[in-house]
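Dropping a structure here in structure tokens format, bear with me for questions.
Should a chain be cited, it is by its letter among A, B, C and D, assigned in written order, with residues numbered from 1 in that chain.
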Amino acid sequence: MPDTPSSQPRTVVYTQRVEFGDCDPARIVWFPNFFRWIDATSRHFFIQCGVPPWHETEKSTGLIGTPLVDTHARFVKTASYGDTLQIHAHVAEWRDKSYVQRYRIQRENPDGSVDLIMECDEVRIFAVHREDGKGIRAIPIPADIRALCS
Amino acid sequence: MPDTPSSQPRTVVYTQRVEFGDCDPARIVWFPNFFRWIDATSRHFFIQCGVPPWHETEKSTGLIGTPLVDTHARFVKTASYGDTLQIHAHVAEWRDKSYVQRYRIQRENPDGSVDLIMECDEVRIFAVHREDGKGIRAIPIPADIRALCS
Amino acid sequence: MPDTPSSQPRTVVYTQRVEFGDCDPARIVWFPNFFRWIDATSRHFFIQCGVPPWHETEKSTGLIGTPLVDTHARFVKTASYGDTLQIHAHVAEWRDKSYVQRYRIQRENPDGSVDLIMECDEVRIFAVHREDGKGIRAIPIPADIRALCS
Amino acid sequence: MPDTPSSQPRTVVYTQRVEFGDCDPARIVWFPNFFRWIDATSRHFFIQCGVPPWHETEKSTGLIGTPLVDTHARFVKTASYGDTLQIHAHVAEWRDKSYVQRYRIQRENPDGSVDLIMECDEVRIFAVHREDGKGIRAIPIPADIRALCS
């Protein structure tokens, strides 16, 4: 019998207005800005799940954040200033030293219809500073964080 | 017998300094900035190959640029301010209405060694404004641009 | 006898979360980001006052926006990720072909106290594209916009 | 008789290409990007003058950088993608715990003429982390840095 919770991973929605300055001369969102918002969503996902901010975890456990290892994004429709976007995020897969975070950026239109703007799958790690001070390294998925975010 | 030129696609290298403000509290490049630079490289690739800037093509043929449809990036090593990066770009595949642009971001270290920082494969289209003024649409790969960039 | 309404100019408040990626290696907001948010507030000020978005005014009257002529900002306290900022904006002075927009960025702390983060006075113009297609030029303050925003 | 060196403060020039993504729907540089480049110039000014990077001074003396206290900018002409800008910087005044850095952003046109794009006067401090870990504070101008940069 299927385990209901596992089929319903915890999902957080981050809301983002699109501003004039987020758009390029083609009058559409300049795509690196989508990644700005996805990165913000990534952090809010953990905050909403009850994980302390990274500047606190850096002091308590050395954890400085969840840097990106791999990202794959598909751009479906354009967005422009005046739009408000909803960025849905959940963890699609937990691995030993990384996890897959899945995002879906949607726009709810005035007529109630919903447009899919972009989809993105990221592989991220939990990182600490290296002991020699040069760069960062991955640590195993912290069990308490996984429990909070599943 | 293979045609040598076709096995050596035209490659353009874009040089980018990493600045303090490009880095985040973990002291490494905040990843959306890599996409800023990749987008700049994308445009320089065409300029270096002899394609006019988009504001000129918009007037002559309606072409407003090469928006991104899909991107897949792999982050290998971190970079920080003070680094200078070389972004190598070429077209890996020409399709009917899209093309694959491949990037390789490298850092040449003071000791002469070279670090791979990031790899990225993009699918882009050549776009014009829709006739109804709502959004953009893809056009077939312009033959003259393909000839210049292969 | 002073005119009461003139002593209470219309004020709009724009709310902005500070994200990890808005901060630099010193762990505080990288200052150009304050200007991103001030620019967004500038546009929202007009939207909240009932002025149509610039892509509509561009079609109806040619007005493309309110580019900045002069800005003077004073940074009082630092902010960091996790903070939520309130950006208060009003027009401090209407001139013939420009106006002064005044901003006050505040942070409401968990204990209810309020910190002043930054103050800014901008001179902006209402702009249209030049007839020869080269650059932009100022137009006199549109009377209907001034009436909506005072 | 005037002292020639003192009337010729050390000036550093930083070169910046303007990219498509630096421009907004009005097709001109979105002004917060000028501040990105000015901040980069600020750091390069010190590097060019022989001051070590901040991540080194943070370890040696605690100095984490030169945060901005006050900035006043005047925008003279617009710039757009394809332009290359020269940002001239020098210290216009040394005070006890702050200094005034003056910038002049110019564009050299194909016909050899030079356009002034923007002028900016900044007040900055030399900062260290506060002993209580909360925020930053100014220190007196380091004499060695002043000597290198005058």
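Following the convention adopted for this analysis, a contact is a pair of C-beta atoms (placed from the backbone, for glycine too) under 8 Å apart; a residue touches a chain by one contact, two chains touch by 3 or more.
Please read all numbers here as calculations on a predicted model, not as lab measurements.
Colleague: Can you tell me which chain lies farthest from subunit A, using the average of the Cα atoms as each chain's centre?
Modeller: Ranked by distance of C-alpha centres from subunit A, the top chain is D.
Colleague: Select, from A-C and C-D, the pair of chains that is joined by more C-beta pairs in contact.
Modeller: C-D
Colleague: Hey, how far is the Cα centre of subunit B from the one of subunit C, in Å?
Modeller: 34
Colleague: Between subunit C and subunit D, what is the gap in Å from one C-alpha centre to the other?
Modeller: From the centre of subunit C to the centre of subunit D is 24 Å.
Colleague: Nearest whole angstrom, what separates the Cα centre of subunit A from the Cα centre of subunit C?
Modeller: Averaging C-alpha atoms per chain gives centres 29 Å apart.
Colleague: At least two partner chains per residue is the criterion; list those residues in subunit D.
Modeller: Only 20-21, 25, 27, 30, 32, 36, 39, 54-55, 65, 81 qualify.
Colleague: What pattern do the touching chains form: line, ring, star, complete or other?
Modeller: Here the contact pattern is complete, since every chain touches every other one.
Colleague: Which bits of subunit A are touching subunit B when the two form their complex?
Modeller: Residues of subunit A touching subunit B: 25-26, 28, 30-33, 35-36, 39, 54-55, 64-65, 67-75, 77-78, 127, 135-136.
Colleague: Using the touch definition up top, name the residues of subunit B that touch subunit D in the complex.
Modeller: 17, 19-21, 27, 36, 39-40, 43, 53-55, 65, 80-82
Colleague: Could you pull out which subunit B residues touch subunit C in their complex?
Modeller: Residues 20-21, 23-25, 27, 30, 32, 81.
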